[in-house]
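The letters A, B, C, D and E name the chains in turn, as written, and every chain counts its residues from 1.
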Amino acid sequence: MSTTPQQTMPTGIDTASLEHVERVAQKRIRQRQLLVISLRIAVLVVVLGGWELSARLKWIDPFFFSMPSAIFDQIVDWFVNGTSQGPLLTQVWVTLEETGLGFIIGSVAGIFCGIVLGRNKLLSDVFSLYIKIANSIPRVVLGSVFVIALGLGMASKVALAVVMVFFVVFANAFQGVREADRYMIANAQILGASRRQVTTSVVIPSALSWILASLHVSFGFALVGAVVGEFLGSKQGIGLLISTAQGAFNASGVFAAMIVLAVVALAADYLLTAVEQRLLKWRPAAV
Amino acid sequence: EKITIMVGGAAKIIYLPARLTEQLGYFKDEGLDVEILSQPAGVDAENELLAGAVQGVVGFYDHTIDLQSKGKEVEALVIFGQVPGEVEMVSTKAADTFKSMADAKGKTLGVTGLGSSTSFLTQYLAQRAGVPSTQYTLLPVGADNSFIAAIKQNRIDAGMTTEPTVSQLLKTGDAKVLIDMRTLEGTRAALGGTYPASSFYVQRAWAESHKSDAAKLSHAFAKTLNFIATHSAEDIAAKMPKDYYGSNKDLYIGALKASLPMFTKDGKMPADGPETVLRVLSAFNPSVKGKHIDLAKTYTNDFVAAPVKTAAK
Amino acid sequence: MNQPMSRETPAIELRNVSCRFISPDGKATVALRDFSMSVARGEFVAIVGPTGCGKSTTLSMITGLLKPTTGEVRVMGAPVDGIDPRIGFVFQADAVFPWRSVIDNVAAGPLYRGRSKSAAYDEANEWLRRVGLDKFSKHYPHQLSGGMRKRVALAQTFINRPEILLMDEPFSALDMQTRTLMQDELLQLWGGAGSVVFVTHDLEEAIALADRVFVLTARPATLKKVYEIDLPRPRVTSEVRYDPRFIEISRDIWHDLREEVQIG
Amino acid sequence: MNQPMSRETPAIELRNVSCRFISPDGKATVALRDFSMSVARGEFVAIVGPTGCGKSTTLSMITGLLKPTTGEVRVMGAPVDGIDPRIGFVFQADAVFPWRSVIDNVAAGPLYRGRSKSAAYDEANEWLRRVGLDKFSKHYPHQLSGGMRKRVALAQTFINRPEILLMDEPFSALDMQTRTLMQDELLQLWGGAGSVVFVTHDLEEAIALADRVFVLTARPATLKKVYEIDLPRPRVTSEVRYDPRFIEISRDIWHDLREEVQIG
Amino acid sequence: MSTTPQQTMPTGIDTASLEHVERVAQKRIRQRQLLVISLRIAVLVVVLGGWELSARLKWIDPFFFSMPSAIFDQIVDWFVNGTSQGPLLTQVWVTLEETGLGFIIGSVAGIFCGIVLGRNKLLSDVFSLYIKIANSIPRVVLGSVFVIALGLGMASKVALAVVMVFFVVFANAFQGVREADRYMIANAQILGASRRQVTTSVVIPSALSWILASLHVSFGFALVGAVVGEFLGSKQGIGLLISTAQGAFNASGVFAAMIVLAVVALAADYLLTAVEQRLLKWRPAAV
């Protein structure tokens, strides 16, 4: 309908009808986004509303489970007046630092070991057994060991986050490597790739969606590890905030701290998704 | 040089002097750089002390005896609580048939953990009332919320806990006090003597090599205990960080009031204390049972009593 | 193998090779039985045979992707042990890298072999032009048609100028015109220097390109007959098929093959 | 659509269809432009065109796998909306299920459509026999050769006796003999009842099988010309190619196509 | 060389040479197994030997880290004399029951949600967010919530094991579903499959290697969950064994209990591998 001349296509389908089609498509996309957001809000309203209501009607005991309004007040209070350990953002930063370091070290180690063992049958035959054993060790127990070995500083929290992350990432990297198409690997070898080049240019790209899937879930795990580490002794961080609130029968404080964690996790996931979309831009768009 | 102290739950009222000292600025007054860490799980604090990760621990005195039986020398420098501060609470529903420890037969008794101080105390109380440990069940239920939930859900008939859980249960009316070990009289009646519990302890070797630091720390804590003895619960609560009482300051003050009698005034070990503790432990702690314990090595009043070297401000 | 005798040793040699697969129900499928063949250096050999007889299996054994159950495979005089980068292989199925754009796929070989980036990409661009995909260099494989992907695979292999070139039905996804162009491209690349083993179902293609055509029997494949194609070179693939000698050979092979296929 | 007029409405109709893809560097690839075609019920149509022109894209739009950018696609008189199980589709690439054995792959259609297990497997066995794979019924796809996998796909589609059959270069991986057998099998299955759209690069195959041959231009594809193949039926594919009319049509289409391919 | 006539092949390659070839191959396989086992033992000996040595030479303090010989003695003692909570096997059984239930519930729920959300774009757009939030909640905190909500019985331990397992399995099932080849799905639809049939006959088989990879790692996680649950209050189980040992400064007990856990984990993994091999028998053998 419009006839703006600068809109000519490289190889022309007639401009007007294309524009119309595109407008329709964009409108549909916008409508869908709106739908998704409203549904998300609906879910949130139902959950929070149900929670608030059952707490107010004493179906659940707000002493244990608090209620959204009280949690919100607690967050606002922390934000405005700070926590008794210092400003809220400092607590977030402390935990985030431990988490981030643990996440990076754990996933790099997991990816590295996964790829090495996935590519080398002998190593995997020998060591997989021991990795399975290590994975069955309860993390809280490991926590005490780390504290003794590494002291009560950041190192022990980071170590705990590392062991939470490592196994998930390792398992996926390992399997992802083994799923690499053998014809693709053969093709690279025939084209002249060395063993290392096969790994970097075939095995890793094809294991990438496996690795990324594990990274998504394991950031949350790193967070859990850092918080558990803070439970074992610390003077700052969200974990301490939770344990102080627990000791003071302040259920609102416990849940408020968890919501702060959730925000951190969502922000990290958002970043991860952005990275993922860059790395996987070669894929057909999902339908 | 920085001194790190691990507190087995800095928000717990029985360990209140630790954080209060910091809040009052008494560490600084002594020229000390002290860092207070909190660890609700508690059980690892001694390991961290022995491993050198922390220089001191605020925890139960009985650990010094337990550790000596394992060849580790730890001594209490300052005694915060001359009594355990523990209360055996009986669920309101069970209260009619559970009027004293002698009624424990066939009942389920809650403790924070098997092998914890609360479990030894509970077993000892039952034994004194003539109920052997085969006739009741101990159930580890943890502290705080999970303890309250266990009472409310009738999983235990009675259980041992501290403030502010006690006040909370009394407020809601879910439980009543059966045996009160927050006061000297109650404790004497129940255990036959004082029972030093909440205290500050360090490795003996550290105390010897850091005599001046040990003395300064002891003085700081002693000053705090003096402050507690000379101030009201409201005044004390006003000094504490607000997250320690959450949204319910009244409950906290009430709990504090009920707890104030447990604290020593000078940080010194009460004369009959160590024996009582040893008696309880020897009865039920398998690693202490039948071992020779040199109680003199488990505590010292030297540092709290020592003359102040640095001129007090 | 010492240098002096290298001219005489064949580029590829299969000696009494058998290849047996065990299927899930425990039965054995024998793909090749007591199969021998030899390809001289500089020779262009075509292999034809009924579907499922063992042609791809043979190529896999030459590359070292598959080990023979019995017998021996030698390449350039030495027993095959792992994958030899002197070989180029155009797979029957798709084996381009989906995460690399077309140009990156084509440049892969030179880059693997340590060529400089600019040299590799210059050459890759040249080969893309030759296979008619210069406008698609930034596309990813999933954005191409089947025939275009096959042409990427061809450029990817050709760019390495392999001494031994194995091709498994390389042109079957192409239209007649493009196919003829690619055949000429292949003949030019080969130029009588390297050795080529070319598997195809298109008899005319086999005859037009090859020095010798190997006709295989149905599974288990053995060598049924070898045809020397004595048509003069250089050949123009679009014209050679009208040569009476071509038609004659064609009829003979056709007859041979017909015997091998019994379905229903 | 009401019953009475259903005999007249075409089985497949594309009206002024365009299809545009956006490539990663932001440039648009127009695969089809203003393309219209119509296939009557009971008609056998072949599509030929240069590689990458848009043939597979067309079939995808008919199945509903792909939506046209502009224009409309109708099947059996109704606009396409999702995948229609009256359609059978032999994909250009491999799409058999690797986790199912050959017989389970072939029986998939009847089982999905609610046939009893024994009936489905009886029929599947019959079809395996027809495509010559009765000895491989327990094998998994990765244990088959390329041509054998293609035959599994054919049996898988044929067993459903679809009203509309779309085939994308279905026989290109087969040797001549097997190919002829499969062509005859296809003609027999079709029997003038359903509608067939058959994409191929083999002109002779197109002419031998189809009622009409659609010749497409190079990308963006439009319809260049439609050839009515007035050769009498029933045809025997191996003989019809010697018919003088066949040769004439063949030459015309060949000429048309040559114009469309410019490489290098 | 041998000429046993009954050994004729269905389609004959000559028998004698085949037999020879097979004998050589089998010998090589046996040699390899031997190598793997000896290397495994070597690793074990180095680790345990190094540990024992450093403990005896007081490089590390056996009070904290115990030493293999003492740990071995402890296990033997538990086995022969029972633990203070009852026979060792009872403890193992209690923990195993909690773990097994948690593992099954968690993985079934994870697979189910993963498949449903993976197949339904709208649901995934709406709910993925909340699953990410849930994944950032520290498990130990959840533990106390479970104890309050479900009591101190088996239920709270199982619940904790469930939440340890769920997220890993969900993440992989979800991604596995999304990786299913779209042509394969289209093929099934065209062949007449209903949405449900597509899910069961295409999507699940193709997501299977993803799901199985996550199950391998998450059995260890279920074990960790059950043990952490036992930490929070229980009468029996390995977790209690560990916390009792910790309370008594019995490092040997702590490590002995972890070794018992490892044995359980390895046994479970062995079973899982057997199931896996049945389910994935259609795949080309890995090289």
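The rule is simple: a residue touches a chain if its C-beta (ideal position, glycine included) is under 8 Å from a C-beta of that chain, and two chains touch if they have at least 3 such contacts.
If you want to know which protein each chain is, UniProt gives these names: A, E = Binding-protein-dependent transport systems inner membrane component; C, D = ABC transporter related.
None of the values given here were measured: they were computed from a predicted structure.
The minimum number of touch steps separating chain B from chain C (ABC transporter related) is 2. Chains making contact with chain C (ABC transporter related) as well as with chain E: A, D. The set of chains in contact with chain C (ABC transporter related) as well as chain D (ABC transporter related) comprises A, E.
Of all chain pairs in this entry, the one linked by the most C-beta contacts is A-E. Once the centre of each chain is set as its mean CA position, chain A and chain C (ABC transporter related) turn out to be 47 Å apart. Our note on geometry: chain B versus chain E, Cα centroid distance of 41 Å, whole angstroms.
Chain A and chain E, compared by their mean Cα positions, are separated by 22 Å. Touching two or more other chains at once are residues 64, 144, 148, 246, 284 of chain E. Contacts with at least two other chains are made by residues 24, 27, 93, 101, 140 of chain D (ABC transporter related).
Residue positions 44, 47, 51, 145, 149 of chain B each touch two or more of the other chains. Pairwise chain contacts present here: A-B, A-C, A-D, A-E, B-E, C-D, C-E, D-E [touch as defined].
Listed in rising order, the residues of chain D (ABC transporter related) touching chain A in the complex are 18, 20, 24, 27-28, 30, 33-34, 69-70, 220.
Remark: chain E residues 181, 183-184, 186-194, 197, 201-202, 205-206, 208, 282-284 touch chain D (ABC transporter related) in the complex. Across the complex, chain D (ABC transporter related) meets chain E through its residues 63, 65, 83, 85, 87-89, 91, 93, 95-101, 108-109, 112-113, 140, 142, 156-157, 160. Looking at the complex, you find that chain C (ABC transporter related) touches chain D (ABC transporter related) at residues 21, 23-25, 29, 48-53, 55-56, 92-94, 101, 129-132, 138-140, 143-148, 151, 169, 172-179, 181, 201, 203, 254, 257-258, 260-261, 263-264. Listing the residues of chain A that touch chain D (ABC transporter related) in their complex gives 9-14, 17-18, 21, 281.
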